[in-house]
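Just so it is clear, A, B and C label the chains in written order, and each chain counts residues from 1 on its own.
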Amino acid sequence: MLDSLRPIIESLIFVADEPLSIKQLEAMLGGVSRQQIKDILQQLMAEYETEKRGFALQEVAGGYQFRTRPEYRDWVIKLKQSSPAKLSRAALETLAIIAYKQPVLRTDVEHLRGVDSGGIFKTLLERDLIRVMGRKDLPGRPMVYGTTRRFLEVFGLKDLSSLPTLGEMEQLEESWPSVSKSS
Amino acid sequence: MGQSSYNVQLGEVFEGPMDLLVYLVKKNDIDIYDIPIAVVTEQYLGCLELMKELSLDVSGDFLVMAATLMQIKSRMLIPAAQDNEEDEGAEDPRMDLVQPLVEYLRLKSAAEQLSHISLLDRDTFVRDVKEDSIEADVTFKPLRPVGLFELIDAFQRILKNASKEHFVDITKDAISVRQRISELMEILEERKNVTFQELFLGKHSKKMLIVTFLAILEMIKLRLIRVMQHIDSGIIRIYAGQS
Amino acid sequence: MLDSLRPIIESLIFVADEPLSIKQLEAMLGGVSRQQIKDILQQLMAEYETEKRGFALQEVAGGYQFRTRPEYRDWVIKLKQSSPAKLSRAALETLAIIAYKQPVLRTDVEHLRGVDSGGIFKTLLERDLIRVMGRKDLPGRPMVYGTTRRFLEVFGLKDLSSLPTLGEMEQLEESWPSVSKSS
C-alpha cells in the first residue's frame, strides 16, 4: 500500500468537500504514521508548485485542499460567469404550471402555488423561458403568459405537444411498484 | 424465512420469460438456431410449476411465453411437406422465437459490458466544485438544460397540494391546443395579421383542423386576437390583439 | 500566453461543474486554435496517466473532466461515507436497450425484455439517465425515449458512438459461461 499511498491521499483531497486535515487522513488510512502522511503532503505540494500546474495543493484552515492558482483567477471568473445555472425549485414549479396551463394569468399561477410569484415571473421572463402572450379582457387587463421557444430548447422538447400528460407519468408509477424501489 | 430468501433469489434470477428461456438454453447447451422445442417447452413449464409451488409471483408475461412455446411446438408437428402452397419457403416456426432471443442476448451482453465500465459515483468520482476554492464573483449565468422529469415532478407536487377547483386539464388534446396557440402567436408576432384560411393551410388531418379552430376560439376568448371580416370580399383576417 | 495555456486549461477544467468541451475552451480562450487546445488536452491526459496520480483527465460526454481513478474507489467511498450508486440488472438491461435502440418506445423495450418495465423507466427518468425525446406519429402519439447527457457522464462515454459494439451471436456464445454465472 505504501506505494499507492500518494495517489490515495491525492484522490481523497481531490474529492473532499472541505480541506482535509492530517488527523482525518490518519484516521482514514489506519496504520500509516502522521509523519508519513506529512511527508507525502509536502512532496505533493512541492510537485504542484514546481510543475506549474493550473491548481495547487494548499494548506488552509488546518487542512489540505486543491485550489486554483491566483494568477488564473480572471480565467476562472470568466468561465464561472458563462457556465450554466440551475433553475430553482420555485422557478421550476412556476414554469411547470405555466407550461401546462398556458395561456395563463399570473394570479392563476399564484393561486395554485399559494404564494406571490412576481419575482419568479420576472426571472423567467428575463431568462426568456416565458413570455407575455397578450392581455385578458378583465378589469385591469391582466397579462396572459405562455412558454417560449427557448423553453422547448432548455427542456429538449420538439414542441409543446411532446409534454407528457400526467396520465402517462402515473402509468409509469403504477407498474411494478415493488421493483422500482430497488432498481 | 428460508422460503422468503429463496423467493427473492429466484425473482432475481428470472426477471421475465426471456430470462428463463436464456437460462434453459444455456443449461442444456443448446444450439440457439436449432432449439429442441419439445424439451425446452417441457422444462419451461416445469419451471413455471416450481415457481408457483414456491408461491412466486408468476406474471402474465411468463404465461404468454408458455403459450408461444406450445404453439411453436404444435406447428413443428405439422410436416413441412403438407404446406404445399409454399413448401420451399416453409419457414421454421422456431424462428419466431430465435430472432427475439438472439436480439435479447445481444443486448443482455451489451448490458453486461456496460456494467463493467467505471461508473460515476460507484467507481470514479468528480470534485464537488465549491466556490471557496475559486473565489469568483458570479453574476448572471445562462441556463443549464433541465430534464423534463423535473418539470413534471414539480407540477405533480403542485397538483398534490392544490384544491379540486383548480383542476387542470392536461389531456393530450388540451396540450395540442396550447401548442397551436403558441404557434399562432408566433405567426402573428411576425406578421401582425393573417387570413383565417391561411391558418388552415397544410393542416390536412381532421384533428389538426379542429385543434387549430379550438385554438382560435380560445385566443378570441382571451382577447389575444381580434377577428375582422372584410365587407366586400368576405375574407376573414386575424390581428394580434394588444390594441 | 502560450506558455501558460496548459495551466490555464487545467485550471478551467478543474473548476468547471461539468465536462468542458473543446468548443467551450475555444470560446473562452479566444484566438487559440482548436488544434492547439486538442494537443494540450492530449498532453495533459497522457501526463496524468503516466504519473499515476490519484485522479485523471478523462474525455466524457463531449468534454473533459478530472475524475478519481477507479482503483481508489474504496477509499473515496469510505471518505464520502456514501453508499455507491448502483443500478440493478433490470435497470441496466433496460438502459442498454434504450441506449442502443433510441429513439425507442416503451412498448418496444418491453417487447424485447418480455416484461413490463414502467417502474424501471420511472427510475431511469428520475436519475436523469433517460429522457422523453418526443412523440411518435402513431395512434395515441406514444412517447419516444432516449438517453441523456448525464448517461454519457455516468458511464464515462465520449459520445453514443463509443458504446461497446453489439456482439454477433458467435461471440456471445463464447462469453456465455460468464453470463450464466451472473444469472
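Throughout what follows, contacts are C-beta pairs under 8 Å (C-beta built on N, C-alpha and C of every residue); 3 or more make two chains touch, one makes a residue touch a chain.
Quick caveat, the model's predicted, so the values are computed rather than measured.
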item: Most distant chain from subunit C, judged by the mean position of its C-alpha atoms; value: B
item: Most central chain, Cα average position; value: C
item: For subunit B paired with subunit C, centre-to-centre distance based on mean C-alpha positions, whole Å; value: 21
item: Inter-chain centre distance, subunit A versus subunit C - centres from mean C-alpha coordinates, in Å; value: 18
item: Interchain centroid distance [CA atoms averaged], subunit A/subunit B, Å; value: 28
item: Residues of subunit C engaged with two or more neighbouring chains; value: 14-17, 66, 68-69, 76, 80, 87, 90, 116, 125, 131-132, 141
item: Set of subunit B residues in contact with two or more other chains; value: 125-127, 133-134, 136, 145, 147-148, 172
item: Subunit B residues within the subunit A interface of the complex; value: 125-128, 130, 133-148, 150-152, 154-159, 161-162, 166, 168, 170-172, 175-176, 178-179, 181-182, 185-186, 218-219, 222-225, 240-242
item: Contact footprint of subunit C on subunit A as seen in their complex; value: 4, 6-16, 28, 52-55, 66, 68-69, 71-72, 75-76, 78-80, 82-83, 156-158, 161-162, 164, 168, 171-180, 182-183
item: Subunit C - residues contacting subunit B, complex; value: 14-17, 58, 65-70, 73, 76, 80, 82, 84-87, 89-90, 92-93, 95-97, 99-100, 111-116, 125-126, 128, 131-132, 141, 148-150, 153-157, 163-164, 166-169, 172-173, 175-176, 178-180, 182-183
item: Subunit A contact footprint on subunit C (complex, rising order); value: 4, 6-18, 20, 24, 27-28, 52-55, 66, 68-69, 71-72, 75-76, 78-80, 87-88, 90-91, 116-123, 125, 131-135, 141, 143
item: Subunit C-touching residues of subunit B, taken from the complex the two chains share; value: 12-13, 15-19, 22-23, 26-27, 32, 59, 61, 65, 100, 102-115, 117-127, 129, 133-134, 136, 145, 147-149, 153, 172
